[in-house]
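What follows is chain A paired twice: with chain B in the first complex and chain C in the second.
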Partner chain A sequence: MLRLISGRVATSLISLFGASLIAFVLLRLTPGDPARLFLGQFAGEDAVQALRAELGLDGSMFSQYLIYMQRFLSGDWGFSYSTGQSVAELLLARFPATVELGLFAFLFAFVAAVSCALISVYRRGPVSDGGARALSFFAQGVPPFWFGLMMLLVFFEGFGWLPGPEGRLGLRVIPPPTVTGLMTVDALLAGDWTAFKDAVRHLILPAVTLGLMPFGFLYRLLRANLEGVTREPFITVARGRGLTRWAAYVRHALPNAFLPTLTAAGLLFGQLLAGSVLVERVFVWPGAGALVTDGVLKQDFSVVQAFILLSAFLYVLTSLVVDILAALLDPRVAQSQGGGR
Partner chain B sequence: MKRDWGRTALRRVWADKVFALALLIAALLILGPLLGPSLWPLSPLDMDFGAPLAAPSLAHPMGTDSNGRDVFARFLTGARISLAVGAVVVLAGLIVGGTIGVVAGLGGRIADSILMRLIDALAAFPPLILAMAVTVALGVGLKTAAIGIALSSVPFFARLMRGDILRIKTLPFVEASVAMGAKRSRIVGRHLLPHTTPTMLVQCASVFGYAILTLAGLGFIGLGAQIPEPEWGAMITDGLQYALTGQWWLALFPGLGVLLAVVAANLLADRLEETLNPRSARNQVR
Partner chain C sequence: MSATNQPPLLDVRGLTTEFVTRTGAVAAVRNVSLSVRRGEKVAIVGESGCGKSTLALSILGLVDRPGRIAAGEVRLHGRNLVGLSEREMKKIRGNVVSLIFQDPMGALDPIQTVGAQLIDTLRRHQPSLSHKAARARAVELLREVEVPAAERRLDDYPHHYSGGMRQRVMIAIALANSPALIIADEPTTALDVTTQAQVLALLERVVANHGVAVLLITHNLGVVAEFCDGVQVMYAGRIVERGPTEAVLAKPTHPYTQALLESIPDPSRRGDRLRAIPGMPPDLSAMPTGCAFEPRCFHGHGREICRTRQPIPIAIETAGGPSLVECHFAAERAARAGEITAS
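The block that comes next holds the complex of A and B.
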């Protein structure tokens, strides 16, 4: 087991090293001199030279890479050219909103996928199974930002049931004191029931929009696993003991169908991360994803570049943790991974 | 014999209504953009300041945008752009990723581990974010967006190709042809590559859908095509500010286009997988 974990950590480190090289090369390909960009076109030549030296831009490619990595790992991700603020500060301030949205999106995707997969496999009818499958194809084919906009048209413009694109809280609601940064949790901690309800109402549309693609993906995976598991002998045994088909499926088949989906959680995380860049802008959600799209609009790419490498780190880290968890929980996974490279 | 084969195929497609529907959408999405701009008289770029933001009517079936450009003409040209980028991405990804996969599968341990570490590094980014990174580095535009998406599709092809080659090269008929003294190039060309066709065909269909969806995403955040260019994603961005003030048609139609194209591609991939790889893990459980 220890060998397995250390091997997995080693491959993650190698792919992170490769990813950082790619990010570095892409950064150097970007046209324009970073020092000149930061100081503006009226700065003197010696000031630019001084900043270039300070940023390590006059060294060799190799030393530039080392400086780049050292800065990244110590949390120094440069400055935003448009506001002059440090990128790390900007991103950190925006992160809780993205995390909260991601959590709710995951919750929606998970609950919807489990119920749809159970219905598909339990009823097997053309209507329920076909309907759920059609839904999953829709979920994986629809551009999330467009779907969000259409949801706004229907539920905000049309019916007026849900709030429009105004961020995390309505204008007239006083935000609860910040403790965790998650609006719903903070509101509950403060005992502020109106703020909690308002925060949840603001979360519904963005969370469903962001969770749609992960839902389609999870559903297809769960449905296939569940189909396989329901044919295993232990389900027949459970039925033989007098359990109803539903109880046997929910209590015995479902937990076993989850295990293989755990390894796909890394991919799921990547979908949520990339999706937040697309979805947040539609709902004017003040998260890290919206910061990235703002950066693109203002041609202020330092935020975008920091986000790119950061997302690779988070993505690889999640896959690593998930793989180790899966190996700990399921001896079959450990076996198959230990047998591989 | 040949006619029989064609008739059986037709009958099978007709019996499978979902597949027939997917093929129909695909045919429409290919024929429409190819013939459309020559049949539809309005240009996607000509402005008509007399009719800005006009609702859908007979003259403008999808309405007009803020500069009075005909949305239907833009939709048709947008379909052309999406299809072209999809095709380019699939071809580039297949050639580059496929070659990497073949070399890694046949080239021995050192080549294998170097190439696969490279692929791991590419796959360390969520695909959309890798495409974003490339577009930011090479300069914003349709071409760089296509390059970025193609690069992000390379790991999909390379890993599948390597796995397939590793599996096929141990099959008895390949060993037999090695034993008979066939040249390496002949073994690869005549025995290995043809047997990867089913997997690669499925992968091409699903990457095609991925490419169209990602192109729209990049266009939406402003990294792909820029506004006057009638790309579907950029058109949705253009419609974003008008959607909640009543001009819903600007964003609705290009989004529908993306949805239809991607769902058709995914359905096609799904059915191809079912038909061509009946023994694959995905179909075992059905």
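The block that comes next holds the complex of A and C.
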């Protein structure tokens, strides 16, 4: 097991190195001069040259990369040319909102996919079957921004059950002191029940909107696996031992059907954590999405680069966790990959 | 053998199981009746696809949609199990009647330890048993089925076990709650010959020790001869001949049973051609109107009655006890068989 984990950590580090390299090189290769952009078109050539030197832009690509990584690792992520603020400050203020939305979106996608798959395979009826299938096609096909707007129309405008596009908390709710940056967690830490409930209510619509596509995908994957596993002899044997069909499905079929989808689920989770610009726009969610699109448009590459690295880190981290989880859940994986037993 | 007047432990009457398909219902088990007394070992033999496994699953109520029990009763200790809810059935399965499945490789959940599955079986039916006590009992059971280093092997996963060892585990699971009946569906088919003999010997011994009745489903007539008191020969969903093992195997009355026996290589007939049964079993969705075996039968020679009328069971008196044979010419054939042995 230890060997497995250390191997995975090593590959993760290599992936991160690759991601940092690609992010760095691609952004440097795009046309445009950040120093010129920052100083504006009326600045003198001397001033531009001075800034280029200060930013290290006049050095070789290699030395630029080394300087950047050194600073990045020591917590200095540079500053944003367009706003003049420190990138670390900017991102850390907004990234948690994106991560929190991603977490809830995944939670929704996962719980909904597991329940729908279980029920449709358990019931085997044409109605529940067709209904769930239609739902999953819809989920995978519908554009999220349009769906988000429809959700707002129905649940905010129509019924008034859920808050409208006003960000993470209602106007009259005092935000809890920031500890983790995740509103729900901070509210719980502060023991602020009102803020917690409000934060959750604000999360529902954007999380469902963002989680819809992953739900459709996971549902179809899980359902196909589940259908196969329920035909395995060990399900019949489990029932022959005294489990009801439902118990045999939940205790034996579901874990076995889930294992092959674990990797896909991890990838989806990583993607969700990186956020979605469109969904954040629709719900006026103060996440990193808008920051990054602005950064791209304004060639504010400290911001974009830091965002890419941060997303890559989260992505690699989820893959690592998924691999370890797979080894923990499936004894055969641990053994085949040098973990022994 | 136990006294004949004792009420049967398992009494299946007129059981019909069908699968609903787009083109209509297809019956895999047709009007099957059989009984198993306490401690009795009964075999069901037949070739692949004749409905043996479906019969086994029907008895335990494990036939799922699109399959269903269309008619008949399954009486266990006199109580009809057909139509009982899943909640009622789970108290019976693994407790009063347990199941040994044909494929030991796939019969255990690959991501749970063998011990977890054994302990789960124990505690489901004996909720008062503590985890520790259940574990101790599980070790005992593994020892009884001769799994070496039982204590340690309890925490191993199924993929650490060989096929023969897994089948021993299955026997341990089947025995866990001291059932009255074990339904063993081809318990040795997937094993190599040496392991088959060992597992069979083990099954025979534990069954004798516990006085458990066994309904053995197999296509291996050698196993039947060695192991079972009574035999039922199944063809195309029907039981075509049943009787005491010795009588049926020594003097088969139904042409199908005879053909089945003649298709086994016999060292004393070395040099002869092996006699395979010509043709294929009938398509269950397009059954002949008369006798299901008629198209392959060497006896009927296309006689009118065989093609037009479904034979009814005819009682035949044999040396070992009464037999029932579903053949229009059963009496004639039995008499002739008697003459042959007499002369």
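Methods note: the second predicted complex is superposed on the first by the 229 of 341 C-alpha atoms of A that agree within 3 Å, B and C clash if a C-alpha of one lies under 4 Å from a C-alpha of the other, contacts with A are read in each partner's own complex, and residues count from 1 in each chain.
Following the convention adopted for this analysis, contacts are C-beta pairs under 8 Å (C-beta built on N, C-alpha and C of every residue); 3 or more make two chains touch, one makes a residue touch a chain.
These numbers were taken from a predicted model, which means no experiment stands behind them.
In the superposition on chain A, contact of A:315 is made with chain B only, not with chain C. Contacts of A:112 after superposition on the shared chain: neither chain B nor chain C is touched. Contact with chain C, but none with chain B, is seen for A:241 once the two complexes are overlaid on the shared chain.
Of the two partners, chain B and chain C, it is B that touches more residues of chain A. Touch criterion not met for A:205: it reaches neither chain B nor chain C. In the superposed model, A:255 lies in contact with chain C only, and not with chain B. Judged by the touch definition given at the top, the superposed model places A:277 against chain B, while chain C stays out of reach. Of the two partner chains placed around the shared chain by superposition, neither chain B nor chain C is touched by A:48.
Taken in their complex, chain A has these residues touching chain C: 124, 232-234, 236-247, 252, 255-256, 259, 329-332, 335, 341.
Within the complex, the chain B residues that touch chain A are 117-118, 120-129, 132-134, 136-140, 209, 213, 216-217, 220-223, 233, 236, 239-240, 243-244, 248, 251-252, 254-255, 258-259, 262-263, 265-267, 270, 282, 284-286. Residues 57, 60, 62, 64-65, 86-87, 90-91, 93-95, 98-99, 101-103, 106-112, 117, 120-121, 124-125, 156-157, 159-160, 170, 173 of chain C are the ones that touch chain A when the two sit in their complex. Within the complex formed with chain B, the chain A residues making contact are 11, 14-19, 21-23, 26-27, 29-31, 137-138, 140-143, 145-147, 149-150, 152-153, 156-157, 164-165, 224-225, 227-228, 231, 270-271, 273-274, 277-278, 281-282, 292-293, 296-297, 301, 304-305, 307-308, 311-312, 315-316.
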